[in-house]
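Look for chain A in each of the two complexes below; its partner is chain B in the first and chain C in the second.
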Partner chain A sequence: MSTVTGVSAADQVPGPDGQKPLQGDRASTGRFGDRLFGGAATVSGVLVIALVTLIAVFLIVQAVPALMDNSANFFTSRVWAPGGDQPAFGILEFLWTTVTASTIAMVIAVPVGVAVALFITQYAPTWMRRAAAGLVDLLAAVPSIVYGLWGLIAFAPVFKPVQGWIEDKLGWFPLFAPTGISGGTIFFIGIVLAIMVLPIVTALSREVFDQTPTAHKEGALALGATQWEMIRTAVLPFGRPGVISASMLALGRALGETIAVTFLVSALSDGSPWTWSLFNGGETFASKIANNAAEFSNPTKTGAYIAAGLVLFVLTFVVNSIARVVIERRKAFTE
Partner chain B sequence: MAKRIDVSDLNVYYGSFKAVEGVSMTVEPRSVTAFIGPSGCGKSTFLRTLNRMHEVIPGGRVEGKVMLDDQDLYASSMDPVTVRRTVGMVFQRPNPFPTMSIYDNVAAGLRLNGVKNKKTLDGIVESSLKGANLWNEVKDRLSKPGAGLSGGQQQRLCIARAIAVQPQVLLMDEPCSALDPISTLAIEDLVNELKNEFTIVIVTHNMQQAARVSDRTAFFNLKATGEPGRLVEIGDTTRIFNNPTEQATEDYISGRFG
Partner chain C sequence: MSTATDRRAPDDRAVPGDPSTPPGGRPGRDALSEMSNPHRARMIKDVVARIVMWGAFALAMVPLVWILGTVVGKGFHMLTTATWWTGNQRNINSDDFGGGARHAIEGTLQMVGFTALIAVPIGILTAVYLVEYGRGRLAKAISFTVDILSGVPSIVAALFIYAVWVTTFGLGRSGFAASLALVLLMIPVIVRSTEEMLKLVPNELREAAYALGVPKWVTVVKVVLRTAFSGIVTGVLLGIARVMGETAPLLILAPYTKNFQRDLFNGNFPTLPMMINQDRGDFALATAAERMWGAALTLIILVLLLNLIGRVIAHYGSVKK
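Right after this comes the complex of A and B.
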């Protein structure tokens, strides 16, 4: 449960005499088995931290020399020409595409995922629960290339008229301005990503909603709550940290999704004008790097891509930290 | 503010399993009625039928009639939500909403009823906490989480939450079984005060408790293992404990069985 709710089961089981639950060394008896498993767990823990640190160091070491040679502003430039004598590269375009596509994915996937999870755990008849839960777990395991294929062949033709309709009706609004591109637009990528991460949100949310203690649910019902009011007073507050964790996991996947995006996205030609439109093409960090993996011919060029990867790394890190803070802030109310 | 419950010939089922058979009884207003009996004899199950909480358990259904004064709780036009707003319940384990503050816990039922006015809420929260003998202990930390209180305080918080919506009847399902003796005493004192305002039904495993708090006592038992539970006898607590009509009751209260 720890990974899902941010609260481990041990946190909720009071120790003897109302003490804090046994933790760390106090729980150890000093016997061989305890020391063996304690040691193994410590080594694994340290290993994970070391790995993350080493990856960060690797990215920084590789990226810094290239950034020193960069003649354009790394954060605000839209140019991407890391080769040649005067390397110039900026990430603005990728940052915009990555963040907007992922945002669209989350805006769609989180509410729908939570609703599906609520349906499975609270409304569906018992026989359907198992089947639906299994199906959702199965969907979460579908490889992303399959979503890519499906998006390209089945979904793109369906979405085309929808995009046309939105451009027609809402085209005056900068986000929906027509750009002449159809197919792999940011909006389209966002929807495919939403469908891709929906099972993740659903599966994890379902797991936490299912664990809502009967006592809390009955407490609400006994006060005369309707089923929806019971869900609002007991199930949703209990599942909230889990839903946040699930969303972050999903967002992490959306931000870093490579193969489906590379497959679908319409890359822009160099020097195409800036637009706020979601119906524009573009490249995400991941697709840009994947598309150009063959070009890592000199250290500066390689360094430029690694710098882009570093931004993605930091982005996911920041997103996760924010989620952690949100969960921690309410922690006194979840124990 | 307090109503009489009339139960006639009630059977309770879970799916095809008959859990309780043929219960008829009257619960007097402004009094405490205790249900005693061995584990699994259906007293908690029967209690839950008095506010239709048994319907929360899959397959739970009843045959028979439960009247609250002149209202039929099982009339087809009767919404279980309405029933539960009239007949409140306190559970075996204290179950304050863990994500809510002390204040919000007490106000939860009122908010469900659409009370939004801050002044009204403040007033009822205070009077309910006073009514549950908890006000003095928590008045300085109303915004702190309810789950941070001791077990006994949590149970009184749950009682405050239940009485805040001004129910006609208060059902208590072994409210002290998870509490220490001092907290138990506090709850028993509280029950004694609450009966001036509410009709109270309390399920208990503790016969001394039944003797201490109740005006009338109902003894439930199984005919045999695997058979449905049934009401053996009901009467004034002093009579049930001193001069029971049925042999089974005498055996149970004298500790010869159960």
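Right after this comes the complex of A and C.
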């Protein structure tokens, strides 16, 4: 832990907002090279803002005409027939499937992910920590298409009897009512999504747990707390905002996950009855769009899918903004 | 750090004045009365928590081992066939054995290379702005949009490019269009990792350069970026690895071809994820399934190789705090 230049206590921990002493353009000489380079950097930054704005603008512009032609209610209809003279399409089914599967993923991934992060930072023997963290990161490096294949071919057959057992024992409860669908049920997709977002929860939680001030932890232990009590009273409260924002980022990823879900979903036939069961099929926003990529034939049809994509964009935008706000507030708090 | 975490559960029998442990108490008390001891309950909780944490880690390892085991077990023998690294899939139907993946490997590498060519300069310059130049509202806005961009689902990025490229400009689907969508996904990864690295560069280096009368831009290029170079390279490699396995943009923007194809701008384009997707349709046939797992294993190997190189560079050339 030595600085490159030798000593400077102040700079060993740079402030979260960068470097204090030389701020902004005060170090700039106003020369041509300076203006050019500074300009290029600014343009790149502005370009990023422009790109995000353009995403919203283009999606809205191309979705609106299709929405005007829509003869069904976009938010409350379960019909999806964007072609033909009388286009009718609604997103209720996708919204339900997307949100429910992501919620299941969160219910599983957040506790397990936090526990794994606690294991890596607090429980694992020192020699094991880096290896354990690396293994969890490895889970993040597996491409999502591989999760799709594995879920489809290896995991689904194993999960089938489990689902049968749950339906047997808890089938009276509406959420677990049997539907005759096995394989790509909402519940199953939720589990696969949970595995996919687990490394996100763990990586970020690990980071904040690691930052818990040693004084807090030692204080708790000095008062006679057991290790678990120390974690509950010192580590978890300190890491809570980090865990919340990690969960939000993971939720954003789960909502938008495309190819794995596309491989797994069981599409429902038109006019199948509404059910609250988690063992029902149904498409998510992303899988519906991906499955019908070949169908973007006329503007209304394409517009309908773009409208669905817009809703997904708004959902992830909101979730990520919340994550961002939570992180910002924590920064303000720890400074 | 270590003193705090290496602490074991306190031994409650050592607590002096413990009412339930009279001096010279019998060591062989029955379990029930031990449970009623409040210290005992706390210790049990502690042990349960310890078991739960170990269990959670073991649980998280199950899918990892299972997935990698499945892919290696089912796909490895394809990688050892004569044509896998040299041939393509031309005239090979789902029920024909083997064929090569070279067209898809080359296509994937070419596509992500091209993506990096666009995304890396934008990403690094944006990070330079955020760390070296940006203060106030604009920097805040940029930082916020980078976060939003990193949360944009790949399918939405693909739809956006489709809406611009195909619907608005009337251009055809191509490898280039898919590259543009991947650029959107790659930029935030590069910005964030580069930003972290630039923040690690000690301020004395900048001040020393300024003290010698070096202009700011030369300082940034020759001192700051050079010091952070290995970290930035690592970030770039991880960014490439991240987009390499993306399938959704390819599905919408770059239809698959079984032939060698090096033209990113016209026509269909072969990539590994799309090769997997192609054979997925017939995975009931053993020949197609083998090819699918082989392509999946090849993709994983490429991604892990990039991760590994990135980590090695990070380990040996990182900015020392």
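In the analysis below, the second predicted complex is superposed on the first by the 275 of 335 C-alpha atoms of A that agree within 3 Å, B and C clash if a C-alpha of one lies under 4 Å from a C-alpha of the other, contacts with A are read in each partner's own complex, and residues count from 1 in each chain.
As a working rule, a contact is a pair of C-beta atoms (placed from the backbone, for glycine too) under 8 Å apart; a residue touches a chain by one contact, two chains touch by 3 or more.
Everything numeric here is computed off the predicted structure, so don't read it as measured data.
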Touching partner for A:Gly224 - first (chain B), second (chain C), both, neither: both
Partner chain(s) touched by A:Leu67 [first = chain B, second = chain C, both, neither]: neither
A:Pro237 touches, of chain B and chain C: first, second, both or neither? first
Touching partner for A:Ala267 - first (chain B), second (chain C), both, neither: neither
Chain B versus chain C as contact partner of A:Ala81, first or second or both or neither: neither
Contacts of A:Ala177 with chain B and chain C, given as first, second, both or neither: neither
Partner chain in contact with A:Ile166 - chain B first, chain C second, else both or neither: neither
Chain B versus chain C as contact partner of A:Ile306, first or second or both or neither: second
First, second, both or neither for A:Thr126, with chain B first and chain C second: both
Larger contact residue set on chain A - chain B or chain C: C
Shared contact residues on chain A - chain B and chain C: 126, 217-218, 221, 224, 226, 229
Interface residues, chain C side, partner chain A - complex: 1-5, 7-10, 42-43, 45-46, 48-50, 52-57, 59-61, 63-64, 66-68, 70-71, 121-123, 125-126, 128-135, 138-139, 141-142, 144-157, 159-160, 162-164, 166-168, 184, 187, 191, 199-200, 202-208, 210, 215-221, 227, 241, 244-248, 251-252, 273, 276-277, 280, 283, 289, 292-293, 296, 299-300, 303-304, 307, 319-321
Chain A residues touching chain B - in the complex, by the definition given at the top: 126, 213, 215-226, 229, 233-234, 237-238, 240, 330, 332-335
Touching residues on chain B, where the partner in the complex is chain A: 51, 53, 56, 58, 81-82, 84-85, 88-89, 91, 93, 95-101, 108-109, 112-113, 144-145, 147-148, 158, 161-162, 165
Chain A residues touching chain C - in the complex, by the definition given at the top: 1-6, 8, 11-12, 14, 18-25, 27-29, 31, 33-34, 36-38, 40-49, 51-52, 54-55, 58-59, 61-62, 111-113, 115-116, 118-124, 126, 132, 135-136, 138-139, 141-147, 149-150, 152-155, 195, 198, 202, 214, 217-218, 221, 224, 226-231, 249, 252-253, 255-259, 262-263, 285-286, 289-290, 293, 296, 299, 302, 305-306, 309, 312-313, 316-317, 319-321, 323-324
